[in-house]
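What follows is a set of structures for review.
Shared chain: chain A. Partners: chain B in the first complex, chain C in the second.
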Partner chain A sequence: MEKDFTRRTFIKGMAVGTMAGYLGAAGLSSTVFKNQLLPQEKLNQVDIGEIKALKIKVVSETSWYDNNVFLNDVKGAGGLLVNQYTIPWTCAGVAAGYQGSNLGGFSTYIEATLMDGKVMKIHFDTGWNPAWMEKRFREEGVAEKLAKKEIDFMVLSHEHIDHFFGLEATLKFYPDIPLYVPKGFYQEGFDFLKGKSFPAANAINNIPHRGKMTVLDSSKVNILYPGIALMTFDVPIILRVFGEQAFVFNVKDKGLVLVTGCCHQGIISYMEEVRKKVKGGEKIYAIEGGLHISPFEDWDPQYDDLIMAFNKYGVQKIGCNHCTGFITAEKMHKAGLPVIKGTARNMTKRDIYLGNGDELAIA
Partner chain B sequence: MEEAKTAEAQEKSGWGSGIAVGILVGVALFCLTYALLIMAK
Partner chain C sequence: MSHQVLDTLFLEERKFTHIIKQPVVRGVVNVLLAFAFFMALWWVFMDPRGWLRWYTPQYGYMYIRWLLIVAIWQVYIFNFWPFKIEWLEKTHPLQKGLIMIGINFAITGILVWVFYYWIFGKLAIPYFSWPELKKTGLSDFFSREYSSLAILMMAAIASWLSPIWPSAFENYPWHRLQQPAKGFTVLAVTFLFTTYAYFIFMHPHYRVLFYPWQEYTAAFPWWYESFRTLSGNFNVGWIMCATVSVWLTETILEHYPFRLVEKQPWRGLAGFAFILLLAWILFFTFTFMQDMVWGVSVEGAKRLMAPDWRYLHNGELAVILLTVALALYFYFDNWPRKFSTEVNLLVRVAIVIVGAWGLHWLYYKFSPGLLGTQAGYSHPQQFPMAPVILFINVMLYHGWFMDCWPGRRIRKES
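Then we have the complex of A and B:
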């Protein structure tokens, strides 16, 4: 009997001891010995090289002129998941629009000076309304550079209407322009590039693209030239679009500069990916382009957290516009973030961020 | 009285050695699961 009693208490003690030992070992390994036991994530894996200087010109950031008209087009077609090639976008009768059309477009012109002095000229997105885009291309000298084939290549950030449907305005000047698109384009997108129109969506392109096209995927940081890279994100986007890519430039003595189209991947996710995958990612010097926070001027309290999170990255220049939203820019200014003001011209309504015709130079 | 004291001592001794062995077993179990997780990666 005495032995049994001892055995019973021994087993009870062992049960308690096993739990204590397991939990204690787990606790110690995840705290005190964390660095020794947990494999460290490899950071700064890709050295993309350096450029000397960067100039970013906002050709057009005004994708549409009346939010209500745009939203009514979407609602009337069945909502945000409807295929963009089937929606009859409003092209007439809009008082705030360009020649009555609600369609504008997004396009940016970039000059990156390589370390050997060569200037790479990049056409980033081609907008929506071909008439508006051609006007802006002419006003900013982009049309002339396209016609003379001085522009090295075009990058399409993603397949959305306001970044892509103005294709004809580029191809009429330079039909064989080398092109980079992100993986995820639908067949309609490739057909549109080949010269097929979608009249139901007022998407007209009669000029086939005849140049080299490269489809980039998200498996790696795609280095185009030393100091110039594209990162692609597998992200589902409203209006039945998939995938977006954005630029990472590394400007000597400054740091990384991120240039986005719409940033549907999320600006914080984008910065985190850059930190993980690109050498120098701990120093993001500047961001330019759409940040996709309040494109329809709505606000949700969770966006406040997003704005506060910016401080962690120490970004020194924010040249946001487009789908960032005026309300976001206002809140960023109030939070003391270095948002660059614009000049509110060429149909950009306010000077609270970089608008049409404004420029950000980094050297 | 003497028997009660002996029984109490045996109980204490049972708990003490049980906990000591249990801790060793617990740490060993954790090491095993950790090793399995690392190998699974």
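Then we have the complex of A and C:
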């Protein structure tokens, strides 16, 4: 308890108050004048080389068929932070699904022509429902190329259900396929690769992966071949997943092309990282793949921030799909962004973006 | 307070018998007990590996926020009414804790389910009600998440505005009223301000949350031009800094320096202004620190680089700071108290800054294992404020309802 109010305490109070005011002013000025005060951004661009041409085929971008069924699975399990290996994903009795299963999957087939004419064939992600994935792999000729070991390697973008649980559909044709995974896989993921199943989550794999596996981390731009690179991001992701990687291709006379799985790191964050780390990154020519904006047709004002800022980057072709979401695609069209339309075939519901079986060629 | 204090709370009149004599041991034992109780609550209600798993995340987070504001009402606004002082003095802390925590949970449940879901959401604004939003065709899951965010934001604003009246204004001009008239009056007034503040700071967020934009019912987020985001997280961030400031002045800062203002309502107004100033100091300092560590945020970016996440993280950092301050206040007798006020305050501020640094490190290092959350700073569906505020709730239950028993107990003065 304080004694009576005196002049001295008042002066001291004023002194403390002034100090607080000073600190406040410092905070404010440091924010307003941060361009002067903050260390200058250093660009550390790597030359990844060039390729002649790039062909990207959407094998499957439909990860699940009924949003409400998917979200009820999530809700029933306890929300967006629950471990994906423990959730009983619905794979029967869904009218909109494939043979009653709600599960589809994400997979992209890429052909990159090197400067010497050699064509690198890349299997990007392996989807979710093995039955659906096998059907799509056969329909798009991927199964045949896998069986003949014509495909050079497989890249897993991240550990998510819809990009990874369909593993058996790939290993069935090519069990020793060389594989790149991003740093951040959990032990369950490595076990699954070795042939362990997670029946509680309807994740079955009876074929162990026997090929070479390389884990890539975020310490540098990982150049696989001249003009073909992967960048890894240390991001925590919903359903207890960590880390995602995505492609950077450098197509001669066109520029950089980013090919993503889900892009949980955020497409603008991704473009910013490319700008800082890859030669030619100031200008992205094209983007293809999932942009993880409104995968459940959900919304957040932050996503409008993204769409409103997107135009500034001057991307010329946007071949988005999958977890980009239909709402996002509609808003992007409205904002004048060059989103490429698809053909709405093979279970892709709308032609608003590139769907199953659609192709984007850059040369 | 120096002079002419208009109104004091029962909290400030309590005298204690120290059951555990050694102060550091007492503090540490109490912290560990509070932590154990927190972990039990987290496991039962929140943990994504636990029992009820309400941390979906917004749904459980909403309850945590409301438990906090209801506790503030119980103790600061109603001054423990309807319980009598004699009852509070003679009843065993464990029994008091059970009863008052029970009431705390019950009022929270009634507010969410009856007031928001069945009345306000049904008859006024659907986004305040999980069932009403669902009826519009939204998914069950996001109906619950969106409505939870709206409801929890009411609580966030209330946790800044409600305690200001008893704390800075000493309930002026209603200080002479008896309970419960005083409680209901102050509750009504502060909740009126909270409601206005909600519609200014958070309702515009809901204009752009739904598709298409709800331009006839809510203003465009007026902060967009200056703060480069449409998200209400900008307001969440600074309002959390303001909430933290209220409680810093109430605890380690002992209402200093605005208590030197002689008369109400001027003391209250000075307090309000000081709290706002302190909030903005925290907010800009944290923004600047993040700019230093991660570089300036980028419009439209996600995660670490997103302007709206940075603002939210300002609030998260502020709440971590407050946790340390409250632990010092409740469990270590607001040490030190032996020097002049200014020195006491400065030493406490230094302790809290260092402690917050430590807690920050501990939180991000151990939360994945302990809380079942994900490693990393910026997660789109993870809000460190939820567990941290739940721990604060536990400290408040412990300190307010249970007199920090078994470290100490109330001593009867009659």
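The rule is simple: the second predicted complex is superposed on the first by the 320 of 363 C-alpha atoms of A that agree within 3 Å, B and C clash if a C-alpha of one lies under 4 Å from a C-alpha of the other, contacts with A are read in each partner's own complex, and residues count from 1 in each chain.
To be clear about the criterion, contacts are C-beta pairs under 8 Å (C-beta built on N, C-alpha and C of every residue); 3 or more make two chains touch, one makes a residue touch a chain.
As the structure is a prediction and not an experimental result, all values here were calculated from the model.
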Quiz item: Of the two partner chains, chain B (first) and chain C (second), which one does A:G93 touch, if any: first, second, both, or neither?
Solution: neither
Exercise. Could you look at A:G314 and tell me whether it touches chain B, chain C, both or neither (first, second, both, neither)?
Key: neither
Practice problem: Count the residues of chain A touched by chain B and by chain C, then name the partner with the higher count. | Solution: C
Exercise. Check the residue A:L81 against both partner chains and state whether it touches chain B (first), chain C (second), both, or neither.
Key: second
Practice problem: Once the structures are superposed on A, label A:R240 by its partner contacts, choosing first (chain B), second (chain C), both or neither. | Solution: second
Quiz item: Regarding the shared-chain residue A:E272, is it in contact with chain B (first), chain C (second), both, or neither?
Solution: second
Quiz item: Shared contact residues on chain A for chain B and chain C?
Solution: 2, 5, 9-10, 12-14, 16-17, 20-21, 23-24, 39
Quiz item: What does chain A use to touch chain C in their complex?
Solution: 1-5, 9-10, 12-14, 16-17, 20-21, 23-24, 27-28, 30-31, 34, 38-39, 41, 67-68, 71-72, 74-75, 77-83, 234-238, 240, 242, 265-266, 268-269, 272, 296-302, 304-310, 327, 331
Practice problem: Spell out the part of chain B that touches chain A in their complex, as residue ranges. | Solution: 6-7, 10-11, 13-31, 34, 41
Practice problem: Give every residue of chain C touching chain A within the complex, in rising order. | Solution: 1-3, 48-49, 52-57, 59, 139-142, 144-145, 205, 208-211, 221, 228-233, 256-257, 259-260, 262, 274, 277-278, 280-281, 283-285, 287-288, 291-292, 295-296, 298-309, 341-342, 345, 372-376, 378-382
Quiz item: Okay, in this complex, where on chain A does chain B touch?
Solution: 2, 5-26, 29, 37, 39
